[in-house]
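Structures incoming, each one as structure tokens.
Consider the two complexes below, in which chain A is the common component and chain B and chain C are the respective partners.
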Partner chain A sequence: SAAARRPWRLFGAMCLMRLPRITQPLEKEEEEVAALMEQIELEKSLYSDHEMRKLEEEEQLKRKMESLYDEDEARGKTVIMAQDLEEKWEQKFLRFKAAPRITDADKSNDRTSLNRKLDSNLMLLVKQKIGNQELWLLPQVEWQPGETLRSTAERAMAIFLGDHIQAKVLGNAPYGIYKYKFPRAIRTENNVGAKVFFFKAFLQSSDLSQADLKADYLWVTKKELGDYLKSEYLKKVNRFLLD
Partner chain B sequence: RAQPKKKKKVDVKKEQAQKERMKKKLKKLEKAAPELIPIEDFITPLKYSESNRVRSLPPLSPEEAERRVLLLKKWCLFKQKQDEAEKKAIKALVESQQEALKELQLESEELYQAAIRRDEGLFPFEREGPSYTPPLPGYDPPEGKCIDTTKVYTQ
Partner chain C sequence: GALLGCHRSYRSRPTHGIGRFKYLLPKEVPKKRKEKVQMKEISAGTEYQYGDLNIQMTSYDLCLVEHFAQYVHRLCNRLSIRVNDSYAMPTKTNEVLFLEERGSKMQLDAVLTTHQRVIQIRGLSSTFAPILLEIIQSNQPEGVHLLMKQHTEADFKSRLKARPELEELLAEMS
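Let's turn to the complex of A and B:
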């Protein structure tokens, strides 16, 4: 019965994720405890060399002001005070401008750009024609005999993003499955429905300007998936996505 | 002519005796246990035990102590909830994968075998972690030289 045709059609789908580039903002409790830990560390510490120098120089200044005679100190050489050094370092720090955490793509809500939401995972969604409907799905393609399901998923990725995509597929095993039966109009004995197996991959090339994207695509976070995917499909996909 | 002969014999004997003494000394040194390499992190340098280094801060008020204890209790609860949520998510992930593999086995045995095979190319997996701000395009970091001053001990 190896030749008996199974009634389910197999599809391999790839969930391509762009991992976060910046750290997530701290929760309120985390910030409070971080401040407390810094305070405790300060209380338990001893003075460092720089602080000792600062204290000694303050003492010297005070004595100079009070006693008004500075025969010991006035030897003609200019001494750099620790306070001046600190101010110099502060100025240098203020002159440096880091890249903003909220990018332009965030502000304009451009969902096709990869530069959005740098602190969370972004998943690729493409618009595909299933039956006679155009749906937003994770890129999927039908399995052909002779290849493993993982290579089906990789082929799906290559079809939509081109061959030059560097992605690390996480293992040979599928992460989830979505089973559905075809509507009664096209259901036959041998063609009851389809099983879509999901694979996960991490995107490693950081810019996709060379990729020729053949269809409408979007990069969305886990929370935004609900705007595009159907509820049953979304339920199955959410099970294998960690936020 | 007898004298140079004596010199040679005496020299040879003296040299041999010296060599044996050296060998005995070497054996003694080797038998002794090797000196332990001091761990520099565990030895506080003496300059930090001076009393004028101690920080002078106002003592902790009882309200402050109270606030700290309550905050640590809240933190304990927060971390417990976070841990439980993580474990739940991992459990859902594993269940989803098991279900997928079960369905695959029902479909075709060879695809199932291909799926449960170990992926050799997955590990070692390296990735740079997230930073606080994204990389600035066109940033030129200032030049500098790093002089390594670690002490190397030989046993």
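Let's turn to the complex of A and C:
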């Protein structure tokens, strides 16, 4: 006889994460400790070559001002003084402009762009129709017999984001599971409920121009997940999210 | 003057060899000088466990790399992952020369040193590996490049120095 069909339907879902680009800002205590350590290091440190050279040249200048000792020092006369070098470096530094930490997308709170919240993980949420409800979920697709759960999750990713995403799936084992039973109206002998297996992947490239997104999508941080996901689902998802 | 008391024991006296004790101590194996550094076996790893893995961290900033390497080492200790070795590769110095061509050609030099630390791990289970990778990646400091790869013979050989005279002599002999 055929193998007993389990009453649960299986889904594979993919949690696609964009890793943070910059480090998080330091806490108040961390900043104080860092400043203190820097001061201690500065006081304990010795002069570097450049500073020694600067001090020697300052002394030479002083001696020149007071009395003329030009002949002795004319032999080792430096063309470029250390002070000039320092000024040049200062000017170069002032010309350098670092990229802003808070981007435009942050200010406008545009949740569909990848550029916001550069210091935390962003996860992909998609609006999917389950039963007769439209819900915000991690992209999921039903498992077909004969394929591994990991390939189901990859297929889910490909369906929603197109084929050309560079994402690195972490491992063959699922990270979490969420199971729920269907409401009594739909429940049959063979179809008690569904189990969703979550997989994780890191987004390698931030260039999503080639991806054709078919449904509504959002990139949210862990704290904002609560705005979109249902509580039970959220509990299970939070279990495998770091940070 | 008077003779000082002399405590020499003669061979005929019964007190001959009274202070000997070295024969009572356990035998010391004579230390070999400059043992040839043998390569330890590199385990290949079974289906569910990785063999020898190298976590290589490179950066221009020495303090950052050192502290990060210490952090990773301690993390592995806490997670009871066996750490075979943790060593440093020799630092590479790069001289950066700017050639400005606006009238007078000036060359501004900058000297950059690249430091690399390696931590070798054995027996990482395949279910735990992605979690470890995620933890390390999320705690990576700015400016530090992380690379995880399997340990090969070439990696081991890169730590040893080539000896040209020995090679010449060997070539002459054969």
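Everything that follows uses one rule, which is that the second predicted complex is superposed on the first by the 219 of 243 C-alpha atoms of A that agree within 3 Å, B and C clash if a C-alpha of one lies under 4 Å from a C-alpha of the other, contacts with A are read in each partner's own complex, and residues count from 1 in each chain.
One rule holds for everything that comes next: contacts are C-beta pairs under 8 Å (C-beta built on N, C-alpha and C of every residue); 3 or more make two chains touch, one makes a residue touch a chain.
Note that this is a predicted model, so its numbers are computed, not measured.
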| item | value |
| --- | --- |
| Chain B versus chain C as contact partner of A:217, first or second or both or neither | neither |
| Partner chain(s) touched by A:160 [first = chain B, second = chain C, both, neither] | neither |
| Larger contact residue set on chain A - chain B or chain C | B |
| Partner chain in contact with A:242 - chain B first, chain C second, else both or neither | both |
| Partner chain in contact with A:22 - chain B first, chain C second, else both or neither | both |
| Touching partner for A:173 - first (chain B), second (chain C), both, neither | both |
| Partner chain in contact with A:47 - chain B first, chain C second, else both or neither | first |
| Which of chain B and chain C A:195 touches, first, second, both or neither | first |
| Contacts of A:11 with chain B and chain C, given as first, second, both or neither | neither |
| Overlap of the chain B and chain C footprints on chain A, listed as residue numbers | 19-20, 22-23, 170-173, 202, 242-243 |
| Contact set on chain A toward chain B in their complex | 6, 8, 10, 19-23, 27, 29-30, 32-33, 36, 42-43, 45-47, 52, 98-101, 103, 118-119, 148-150, 168-177, 179, 195, 197-198, 202, 236, 239-240, 242-243 |
| Contact set on chain C toward chain A in their complex | 126-127, 129-130, 133-135, 137-138, 141-142 |
| Interfacial residue positions of chain A with respect to chain C in the complex | 19-20, 22-23, 121, 170-173, 200, 202, 242-243 |
| Residues of chain B touching chain A in the complex | 48, 52-55, 57, 68, 71-72, 74-75, 78, 89-90, 92-93, 95-97, 99-101, 103-104, 107-108, 111, 114-119, 122, 125, 127, 130-137 |
